[in-house]
Amino acid sequence: MRHCWMALAGGLVALALMAGCGRKPTQATKAQKITIAWAQWAPADYLSELGKEYTKQTGTEVMVEQIPWPQYQDKIFAAFAAGDSTYDIVVGDSQWLGRCSALAGNHYIELTDWMKKNLDASSIVPQALMNLGEYPKGTGRYWAVPAETDAVGFAYRRDLFENPKERAAFKAKYGRDLAPPKTWQELRDIAAFFTRPPELYGVALYFGKQYDTVTMGFQEVMWSFGGAYDDPKTYRVQGVLNDDAGVKALQFYVGLKPFTPPGSESFGIGKECVDAFNKGLVAMAEDFFAFFPGLADPTKNPHAKVTGFFPSPAAIGPDGKERHYISIGGQGFSVPRYSKNQETALDFIKWFCQEPVQLKWASLGGFTANKKVLASEKFLSATPYNRAFAAAFPYLRDFYAVPQYGELLTVTQTEWNAAVNGQKSAQVAMDEVAKQHTAILKKAGFIK
Amino acid sequence: MNGRLKRTLALTAVGVVLVIYLLPIYWIVATSFKEYGDILARPPRFLFVPTLRNYAALFLLPGQGLQATPFAARLLNSVIIASFSTVLAIALGTMTAYAFSRFRTRGQSDWLFFILSTRMLPPVVVVIPVFLMYRALGLFDTHVGLIMLYTAFNVSFAVWLLKGFMDEIPKEYEEAALVDGYSRLQAFVRVVLPQAVAGIAATSVFCLISAWNEFAFALVLTQRTAQTAPPYIPSVVGSGATEWGRIAAGTVAFLLPVAIFTFIMRKHLLRGATFGALKR
Amino acid sequence: MTVTLARRRRALSDYQVKMLFLMPTLLLLVGMNVFPLIWSLHLSFHDYAADMPGRPPRAVGVANYTALLHDPNLWRNFQVTAEFVVLAVAAQFLIGFGVALLLNREFKGKGLITTLILLPMMLSPAVVGLFWKLILDPNWGLLDFLIRPVTHASVPWLTNDRTALPALVMIDTWMWSPFMMLISLAGLNAVPRHLYEAAEVDRASGWFKFRHITLPLIAPLLLLALIFRTMDAFKLFDMVWVATEGGPGDVTKTVSVGLYVQAFREWRTGEACALAYVLLVVIIALSSLYIRWLSRIRGEA
Amino acid sequence: MAHVRIENLVKHFDEVLAVNGISLDVRDREFTVFLGPSGSGKTTTLRAIAGLEKPDSGDIYIDDVRVNDLPPADRDIAFVFQFYALYPHLSVYDNLAFPLRAVHMSKADLDERVREVARVLHIEPTLNRKPAKLSGGEQQRVALGRAMVRRPKVFLMDEPLTNLDAKMRAEMRAKLKRDQSDLGATTIYVTHDQVEAMSMGDRIAVMDQGRLLQVGPPEQVYDHPQNLFVAGFIGSPAMNLINCQLGAEGDRPALVVPGSPLSLSIASDLAARLEPARERLVLGIRPEDVHLSRESRPGWIRAEVYVTEPLGAETIVDLHVGGGDAASILRARTLPTFRAAIGEPIWMEFDRERMHCFDRASGQAIS
């Protein structure tokens, strides 16, 4: 009997001890350490590097927690929903702004007043500041400060593009020189040209269902074709999203599939497209610029030395007009209300935005939003892809940032992925998205 | 067909079956020792120069040598949470199974039904309210939270399994102890428990495996501090390219303990798997 | 009498022992299952997003339930789940039983081989889903390499709408047919030898012995295994989540995956609770049928 | 030692009435046997005394202390189970020591006690073995030893010899009786075997269907069964029981079986006592009280030899009396030298002094 009680008591004591360990210790007001949550990719490594600099200057330790892309949103929102104080800064996606602002979930502290006192807003590229920080657009309320500005771009095999035999063959077939495409239509020709299964395919595209992949890949085509998600004033979706331009755009995008490798239906951000390119499976690969360090790294990409880059091209819409839009990526620094070290976190953000730090950030490989740094030769020549990145900047555009963006995104992901798979025709998929988006926006009160 | 030929054919078939079941496991083990280039080679490479780089990347922090890496911390969490919840589930399950086996309880079959039915609930159904409850109690991302949850889910299974084993132990043993001068509790500890060892071992194998491998609760209810290995391993994708080598290494490191445990406990496994339905 | 037994211990009565043994478990189950489920029942009648703690739940009556019943996607998810359950359980049953028949003979290393075959079921479904993604990769996967001589083309197993569900069934079967094998083997072992001997004296054929001796005796056990696998397959989440996230499109979106997305990606907590309850009713109906069945089998065994 | 008193014990299992109001005194140092078929309530009564069953009503006293609410551990009793219940995970030594450890006896005392018991029961060589490695007889002795080692007030034994083979059983019977006598221990012994009951008991309590039918020393229970059940249950071969009526043989009263030559004249005072049950009488006569003759004698009844069973020390003869519906078989016990062919005519006579008469309706003896 005594044994039994002892075992029970022992178990309870151990549990209690662990409960103690499980709870995070409450920290002193001025913290010596801040934790930054970001997705798992090269820029997070750069930030970690930069954090060491900050530690040297201030003594405050900076820890960057890297969470893989497919889980990033889920994990951060679970933490927010739980009121978890693990993170002092969250480098959040632009779509999150609405839901995390005080207008909805109220997870971020508002930075409007703080920015006025502590930052020179004119030093930041306006597209970046607006897309990555402001909500609702045009109100001048800010919830984040641009950290990493990113855009969708392409890597291509210079060795193939510059091969005289290929050039001659291409010229003979298409009547123009083989060069990085200026329009999506050109891109299709080049992709078709290089498709020689099973050794080589034309292009690896964002087709996958993970997080926002296919949406990021397709929306820029849609915009460039003259399509749109909604009427910016009335939020009307029906007849806007699924108009002729939108359907034609999706038909075009799905039409690229024969030039992609098998299994491309699941190609996602920062993984499969890069893998396919590194393997030499494709002549071109789409991805956010922030993933291109992996392509410039000879240990990962055997073709690193002969890899070139270009921004997402423009397109000639069904109306014959040429337009150019590129999906914006990248994230801003926000401070969660649940952080116990908000002051320290804001100090860090202020430090980060200083020009010398931005220069350092750029030299590490980060994508700055600082006007001066962005224009500097030092930035442009820091990597093989920075020039292409800077060229993309004027054309950046974003998905919805309303609090219901999650539901809206699930719809586009499911439907457009289904279209890519051939489960649904472009018309049916676009109609379905329009129908469901209308319902969501109506329920949320945006459509009266 | 003559007997000898039949036997040869059957044994060949056994060999083929074994290869089919083990090939994927071999492949993951092999991948864990491959360089990036070997992993994505076409055609797949069966011969390659093995490397420990993937394991090093998981267990060693660059430049800092042996320190608690994120993966090691997750593995440790798995060990703590799985073993504590198993011990608790077994302790509670043994007691409850004994009570149901020996004492007459009103509505006994209804209680047993209730207990087993909690096991039938899909984790995704339960995790929504549990998430809200843990948020209110401050148990989100704590070891205690997961231990309690895993204990609750395993205890129902443990009760059901152990009751079968308890029913098989003649009650005369405790009665003998009772008249020999021991109390009911002493009889339970000194006479019943030693004889239930086989059943307890079988049950604990199952509880441990299910706690060790659990994914959905851990995915939703943990962030970092108490995160276990299963939701972490798929996230070892690396940046810039899919680090299949690291994923494979993580998988192997995660499998090894439970594979060894299973191997040691294999005799009990058979009994446990048949839920005591096979009386011997 | 040399030993005096005068001392009177304050031992617990049987009733006290019973309560002491039962209560902790029951309290734990009530605390971790019953209470949360009551809470979520309450929330299922509300409009609520758990990631917006500042906004209190707003009562909406049965609106969440009516919305669900009119949601074609939900039925599609149930259909996917049902397809998966039927295909996977049938495949596991047939293969598992077949392998058990193969192994049900004496040969060297039988114990070791049996244990090795059991390995897949010891693994975490999430991890299994993950590494099968590598094996099924249409460009550098092992399976693609092995079957290319037959197919002459790459099969994008997990990303094609026609092959994704069968591929998941294949993974699940690889993982769980050993479980069926284990139980079938245990059953086959337990058939008393003298029954076969009696049949042999009567010159019964192999098939006759199987049909009239083996099968009836192990049927209850097989049924039991079938029940457990069905319930488990019905809950399928982790493997699918890691392998396909329900894709491509919604081809492999099981009810559990749909529920997770609704609850923890879109944060429609109120609606998710309603869906959870619909699922709960289905599961409870199934499991009560099953458990009564199970008790009957055990009673007879 | 101690005496045990049971008053109006009642115990149900769900709807089944297992013990139906039993009252009984077990005297100090007495060897009392509860005898009855299965389901008679004998084991339940024993377990109630041990405290393993809680009575629905009624009281149990050990040495005038009411023990109803005491746990078994505090009743100072020992129990020997039918299947011995030797702890399989403990060695013989530890099995024997188990009860002593409960009272925290010193190591030296304990060792001395265990070895003494082992010596008495001749199980010393087995002390280090596990129960599974013992023969049935050894197991039985260890079970006995575990009961003895405590030196309890009362020994309770539930069919302890049932699982032994016949030879072993006979040996153990004698040994158990002798040991009990030496120890002077109050013992309650449950069995369904009337030979055990007769040979060992100081007193036998015969039970059936939860009721106590008769208590008394073996010879009393044998010679004067108080009812039909006891009469039929005790004795081997069993007592002959013949349905009959009160009639007349000439002018004298007699027990007659209609349509059968069986007819026994009886004394008129007995006849008077039988009068109330005259239509529904049962005549009981033990086989050894049936005398046989090869020749016809006056007043003896004619029968035919149905079969003979020579048993060495005696011969059992089955007799066929009468014909048609009234035909019956009677058994007689006679000398081992008796030989007869099947179908051979024979004459028999009942020992009038040792006849028993019962009321068929109530089952009670009429004397």
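Before moving on, here are some points about what is shown:
Letters A, B, C and D mark the chains as written, and numbering starts fresh at 1 in each.
Operating definition for what follows: a residue touches a chain if its C-beta (ideal position, glycine included) is under 8 Å from a C-beta of that chain, and two chains touch if they have at least 3 such contacts.
Since the structure is predicted, the reported quantities are computational estimates derived from the model, not experimental observations.
In this assembly, D is the chain whose CA centroid lies farthest from the centroid of chain B.
Two chain pairs, A-B and B-D, are weighed by contacting C-beta pairs, with A-B ahead.
As a whole-number value, the distance joining the C-alpha centres of chain A and chain C reads 37 Å.
Chain B and chain D have centres, each the mean of its CA atoms, that are 57 Å apart. Multi-chain contact residues of chain A (touching two or more other chains) are listed as 74, 78, 81, 83, 279.
Listed for chain C are residues 5, 9, 11, 50, 53, 139-140, 264, each touching two or more other chains.
Chain contacts: chain B has residues 40, 42, 131, 135, 181, 183-186, 188, 219-220, 231, 234 touching two or more partner chains.
Residue ranges on chain A touching chain B, taken from their complex, read 1, 3-4, 7-8, 11, 14-15, 18-19, 21-24, 40-42, 44-45, 65-68, 71, 74-75, 78-79, 81-84, 86, 270-272, 274-275, 278-279, 291, 293-295, 297, 299-300, 302. Per the touch definition, chain A reaches chain C in the complex via residues 70, 73-74, 77-78, 80-81, 83, 99, 104-107, 198, 208-210, 261-266, 276, 279, 281, 406-407, 410, 414-415, 417-418, 420-424. On the chain B side of its complex with chain C, the touching residues are 7, 10-11, 13-14, 17-18, 20-25, 27-28, 31, 39-44, 92-93, 95-96, 98-100, 103, 105, 109, 111, 113-118, 120-133, 135, 148-149, 151-153, 155-156, 159, 164, 181, 183-185, 188, 209, 212-216, 219-220, 229-231, 233-234, 244, 247-248, 251, 254-255, 258-259, 262-263, 266, 269-270, 273-275, 277-279.
Touching chain B in their complex are the following residues of chain C: 5, 9, 11-12, 14, 17-18, 20-22, 24-26, 28-29, 31-33, 35-37, 39-40, 43, 50, 53, 99, 102-103, 105, 107, 111, 113, 115-120, 122-127, 130-132, 134-135, 139-142, 145, 174, 178-179, 182-183, 186-187, 190, 220-221, 224, 231, 234-235, 237-238, 241-242, 255-256, 259-260, 263-264, 269, 272-273, 276, 279-280, 283-284, 286-288, 291, 295, 297-298, 301. Residues 170, 172-173, 175-184, 186, 191, 194-195 of chain B are the ones touching chain D in the complex.
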